[in-house]
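Paired with chain B in one complex and with chain C in the other, chain A is shared by the two complexes that follow.
Let's look at the complex of A and B:
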């Protein structure tokens, strides 16, 4: 499959060169690349899921390494791994249910084979239940007796099936791939429409004559505010320009063009203006499992000011931005320093750059992201509704399987 | 000691090394009235209970031990101080609400037993009534403005409780002159806060104005009360008028135009420039026939001041300096000849510049440099002249430290500063204000400049200072504000909206050197789009660890003490 490899390499290059801007675009492209990887992947008759998982994981590893700071890539890789697992499981349950029925009806089969599948069917069903149902204390307790049987039965069940029903198996493999691709398509659809679902909730959060502050630019925020505007709410927006990228200028222009009262302020005026603001609504780069936010630079300052004046700090994030990892020292480790030329004109300051001249040395710091700790965030609005920062870990458990949290450096084993 | 560790136990910090100078050094004690402790008692009464637990207050508590000895001596000095002061105070109370503070302060002083003056307290009701009548009459004739509220009369009399005997006994000859001066001053000093949403007043002011600025378009609704004009449109016309305008002295005119063009930045520089212009004007001044120098010169200065105000709103430090100049003129002995008077004024202004601005900065540098240790990472914001001096001085002392220079749009003043620091061999890190959370991890101290320190402890400074102080506070980094005491003001302010200055919105819309950022090139055509370029903001006092002034390092809670005790030095 040379064409897929070329596709992957191309995408890796783009990621490395930071050509792709914004987590939404990245997420979408990642999903598309992985979809083609899956569709090109030849599936063996046995263990199709494992094969798919391994393929996705191998490509995902490359993609993540290409831009480790762009957490959306990792999120999508994990989402797709999770999708494969889920599809596999639901197919297995369906198959096992059928098998179990056939076994029960067929008395002639030898005894030692007959009780195996029943056991395994029950176990797989339990496992399926545990993944499809939200984990709670009750499901944990229910699964207790079966849990020991799961690994043993799944492999033996697979073996026995492989021998007995290879024809059926082949169709199931194709079915799995088909289902996974369907699900990935759905995911891509979700990613591209997530801001619509978020924007639908705008009317519940913005009241008449509200004053809203935002920083930088985010498509989600733009759509959110415009959705409220379309519902005949009139409110004012302060846009902090978000130096050194000045995306705020762009957002302000778009908002004003759509008929919203917009005021551009400098980033330094955030503290001065926040006392007259009712709500801060911002976009995010990524949302971590602890409810912390990796956001465009400057937002930590805004969040602190909002906290000081008890102004709600609302973060809009599509589900592709939910990252299942817990951050450690995110200000440094999940950050990226951009070109100094955005701050200082190199021509003017080139003479200061060489430390040999005896003058002091000059460092220029131009970080891309800020980390906003969960205690500063009042509310997350995702495409599934509004959530508290403390609830993010739970939301994330819906989207990712715990086995995939570490994509990299994991020796690949069978299912 | 690592400040991050020290902050673990937080406020009631036994380790006063951070504020050792709250106890004024002996040299300062001998220099001034030495009466600080006594009014401090009064001050603490005003703020009971809740303020005291702040650890930074401890040193001044300790100071109380020394108060009895100090308190006995200066009583007499206070007495004539009061006499003089109350002359002005009637004007003050009429002028603005915010000065009520002073009135209450005086009442407090009466309660303090060590300065109780039984004779004065016993002024009869009739006497007070008579005095009040006289003041009313004076007020009526002065037709200053209709803003004297009923409450003021009461305040006035209470504020002057200890005044009358002094004025009647020692200053009778000055009285008539002083009164008329009061009138003059009321007439001349523009009301401190002109509200520009008040149409009729704006119209009136416009008719008088020399500089006919055009209103800016697309104004921000929230800031209607502040003046905002088209920038640069008036400059060429005014420049050509340089030799036709005779109401304003040429040097004043020149300085005014420089303000208008935004040429001078930095409060100290602006203030010195203004005072120098006044000096020139005074030197060339000659009293017109049949006029008194005292009156006429005050009127002249008043017209200069209103010209400056038209060019650019005055900073608080400038207002303090103007108040000083006017009071010096008012205090001129009548016996002086014109040349004598002019020479006195000239040297007085010189003295003000030297003592209050230049020397004060040196003293501050000396104090603040003790707070720089080897291995420190100092964060500075904007380009404050005093902070720059501190860094250079500490560097000269051979201390090893790094400087993080935080800058903000649209002025980007720090770029010039960073050049100067680099040239002197300091290691610098440069970032924009958005990145301040990123760099704050490694910072051990924050030094900030200020445009003014208000008497509720808030710091009125360049926009963004509050953000930096807030982030530093969140990261438990000490924030030191360096500010000369002549910039202290008895006004109070809670937010940055009520009183501020608006800059040129076009400066925000355009990003020099970034051709691809041109989204707002024709923003004025968009009705819904406004651009706000605020110049100042207000930093709440709880973000500030200490204020370094020429009187030592004080916690922000002690600002009113300094305003009250040293603020009057300007006037004496």
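Let's look at the complex of A and C:
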């Protein structure tokens, strides 16, 4: 237990000091930390799910507080809470279903039976999902790969699990834990492969001889464009440099290295160029429940320009970027103001910033993010496919359970 | 077989070992949690400086956070004064139990300087490799990687490169860029190619930017840049030798004044110090109240990102950044009519009353601020009570202070812990108020502390703890009147010397008149250097400034003549010997980059002017005057008349005088010329060639040639006769 605490503290520290950048890395690390929290958590005989949920919540709260602006942390915490709930539910139904069966069961039956609940876990989870909520296209489609994937991934664990299960009755807790860890592993896997899954769809969206515009740098966008390039599509890319961090320069360099015809433009030239552009493809920092996007600064302007010229504005976002929260005052509350030294050298203008000395009052604001309202977004491409902004809330309902929207558990911690 | 191989490849082996060692040794740091000075008194009598809240977070947190993020793994915190408080704090805040970041405290009660501290650490033998030497009051967000790599690289090439200092360009306004942090003027000389530090001088007086460099500097270093626009960040990357150097030189006390200067002066050992300049990153040390103010502002302006209030939330009071740089913690109750200006930080649980105006200030947690209060540019720490109608202006108010209604704090006031200011009482500007009485025996200023006595300071450290216990109750009784009705605390007397300088170190902004004064002295300096009376001629070094600017040239001429005239008059009035006069004029000549002919002209002009100014009734009287002056100061004049050209110059000058400044001479022109000829001031050749020169000139120019025609004729005749 103490080493988990150390792990958590370490991660909290890193989040606090803004040492981890990029939502993918953050999401992955969050999942890994929570996985070790779960695996170290002792589960009581009764009500194991609640114990796990409380443990995850407690840690999750710390992590979210460490960097409230990085929404991926909260997303992953909620995803894992959701996973625990689902696994618990499926286990419970399976237990009830298997109760009659297990009375007559003997040792030969064991192997077979051990597979069965796992298979059914997914099926039941899917069933539970579809019974709890009105049926949607997403859940219907999702059932298929889910039930195919789950036995595949968990079959390795199934062996040992089945044996231990037959030995001890209290092993149901370990079973739950095991299932949850498996599911978290899968989540981590998903997060790390989200690029590929998004990039696979590139060919459907980018057509021959099109002109694509993007701003700043996003790994997802890079992979997406490169995937289209690999499929022998030939197209041009305009990269707006993304002041003040100028990450667009790096993206342009990478794109050019991979043989794409790339043009770098200033952010302010976006409007001038937009009439020549067939599609705007950008990455996001987070996608909110209403379909609004928290994105690198400058993107709202691009979105407005795209709307003015009826250019599709496509946002690429891995599912870990889907946030179940609705944005309230996002320009301020979900933003991070960075050092003015990215804009101006210290000393160059800082005399004017000494308002006390009466020399003047120059303010420098260097926000990291922009909020793009949902009406400006034409399409979201996530690892599960393309979606309309108005559909985001449905997608989110599939990933998160409503009980977890507020992670902050007890009000006592605020003191 | 193994043995010879070993010895043969010894060099190679040791190299690989070396590099291995560099990789393996964790980066260490020594953090001095004591400033070893008294600039933060009276606050530091009760609380160690490193625990003073800087934008509501104790200073040492900034330093430790930075060290951690810069990749330092092992920190030794050296605690001296109030060591118990520091250790308690570190323990409580969890710094002592960080994973991958070990903080070790070293306690000492008899160290009185940084030098002592480093000697003690050397004795402990805990530093094994390169280390970062930093004081616990430094705020930075720079990355050490590059500086460290540079340092190691240099160290590999030259084992004498023991230290790398981090410097930063200071603000642009040249008049106040040094005083921005309230530190002394800093002059540095750096070799621009190797970045070696060659000269380091801090000075308190604003003595006209004069700097004495050893000639050998210029001889040894082909290129050299002098800097007055850099600030020292007091972040040093040191090799382990530094510690042993401190031990070897037991008189080294101050890091800069003794150690750095000592190394720079000492050329026997040949140790070298290098600098690393940072550009976009931030680094600054809080050395006095002014830098406390400046650095606080920089933090609020987010130059120190990620060390900004909304990110550095120690404890569980999250601070949120709102529009216009307003930072607010949770559970603030604020009246609707209160006006909170931009760049203000409000701490957790603070209450603000009606019509209160707060701007540019930092307010700690749990403060109660009444109605109609005005707070501007203040640093108010935790649990302060400010009653209705108070006015606070650029002050520092420590924990649990109470300001009764209507109290006024003038700029630069420091109220130490638990002071109570009575109603309607006006605390005078720049005053320090504390519950503790001013320690009497050491009104010695800081300089003295370093220079000799160690005993004084030891007693001070011990005493401050005793004072806590014994003197407080006494203070409560005796000083009621000193801070108005019901006031508690002593107003400290200022020592005479610091009166002048108090604005420099104060938390209040630099008064406008001081800035204009600084600007003015700076302009004067510029003028002086321009006129060249102090620095060697700018004319020769920057030729185009002369060519392009005729007026400039004229004014320089005027200046020179005026100076010579003044010198001459002084010589006459004070009966100075001719030799001395010549010497003075010579020095003027050198400083203004003049020719001998110019001097001759100027001296002659001065004499004539004097002759005219001396009272006279008629032309004869004037003639007498001229004769008297010329005969008396003949030597001064003739010493410049070695050449015929100079003599011609004098005649031309005389002509000019007669035409312009003193027309009275015009009738006497030929007479005086003759007199000068007979007195051997001017030779006959000079007159003749003067006449020769004028032959082709306009009639108007020939007026005086014609006047002197008799003389010239006579001279010509005499010449022929000679032949």
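The definition used in the following text is that the second predicted complex is superposed on the first by the 337 of 415 C-alpha atoms of A that agree within 3 Å, B and C clash if a C-alpha of one lies under 4 Å from a C-alpha of the other, contacts with A are read in each partner's own complex, and residues count from 1 in each chain.
One rule holds for everything that comes next: a residue touches a chain if its C-beta (ideal position, glycine included) is under 8 Å from a C-beta of that chain, and two chains touch if they have at least 3 such contacts.
Here the structure is a predicted model, which is why all the values come from computation and not from measurement.
A.B. asks: Once the shared chain is lined up, is A:250 touching chain B (first), chain C (second), both, or neither of them?
C.D. replies: Touch status of A:250: first partner only.
A.B. asks: In the superposed arrangement, which partner chain does A:406 touch: chain B (first), chain C (second), both, or neither?
C.D. replies: The answer is neither, since A:406 touches no partner chain.
A.B. asks: Using the touch definition from the top, say if A:58 reaches chain B (first), chain C (second), both or neither.
C.D. replies: So A:58 meets neither chain B nor chain C here.
A.B. asks: In the superposed arrangement, which partner chain does A:301 touch: chain B (first), chain C (second), both, or neither?
C.D. replies: Once the two structures are laid over each other on A, A:301 reaches chain B alone.
A.B. asks: Is chain A touched at more residues by chain B or by chain C?
C.D. replies: Partner touching more chain A residues in the overlay: B.
A.B. asks: Quick one: classify A:367 as touching chain B (first), chain C (second), both or neither.
C.D. replies: first
A.B. asks: Figure out whether A:10 sits in contact with chain B (first) or chain C (second), or with both, or with neither.
C.D. replies: It touches chain C, and chain B stays clear.
A.B. asks: Tell me which partner A:19 touches in the superposition: chain B (first), chain C (second), both or neither.
C.D. replies: A:19 sits against chain C, while chain B stays out of touch.
A.B. asks: Scan A:345 for contacts with chain B and chain C and give back first, second, both or neither.
C.D. replies: Both partners.
A.B. asks: Which residues of chain A are in contact with chain B in one complex and with chain C in the other?
C.D. replies: Touching chain B and chain C on chain A: residues 332, 342, 345, 348, 358-359, 363-364, 366.
A.B. asks: Would you pull the chain A residues touching chain B in the complex into a rising list?
C.D. replies: That would be residues 238, 241-244, 246, 249-250, 252-253, 255-257, 259-273, 275-276, 297-298, 300-301, 304-305, 308, 331-332, 335, 342-345, 348-349, 352, 358-367, 370-371 of chain A.
A.B. asks: Going by the contact rule at the top, pick out the chain A residues touching chain C in the complex.
C.D. replies: These residues of chain A touch chain C: 6, 9-10, 13, 16-19, 65, 68, 332-333, 337-342, 345-348, 350-351, 353-359, 363-364, 366, 413-415.
A.B. asks: Give the list of chain C residues in touch with chain A in this complex.
C.D. replies: 65, 68-69, 98-100, 141, 168-173, 279-282, 293-294, 297-298, 301-306, 311-313, 316, 318, 320-325, 330, 342-343, 360, 377, 394, 509-510, 512, 515
A.B. asks: How about chain B: which of its residues touch chain A in the complex?
C.D. replies: Its residues touching chain A are 220, 222, 407-410, 415, 418-419, 421-439, 441, 463-464, 466-467, 470-471, 474, 495-497, 500, 508-509, 511, 513-514, 517, 519-520, 523, 526-534, 537-538, 540.
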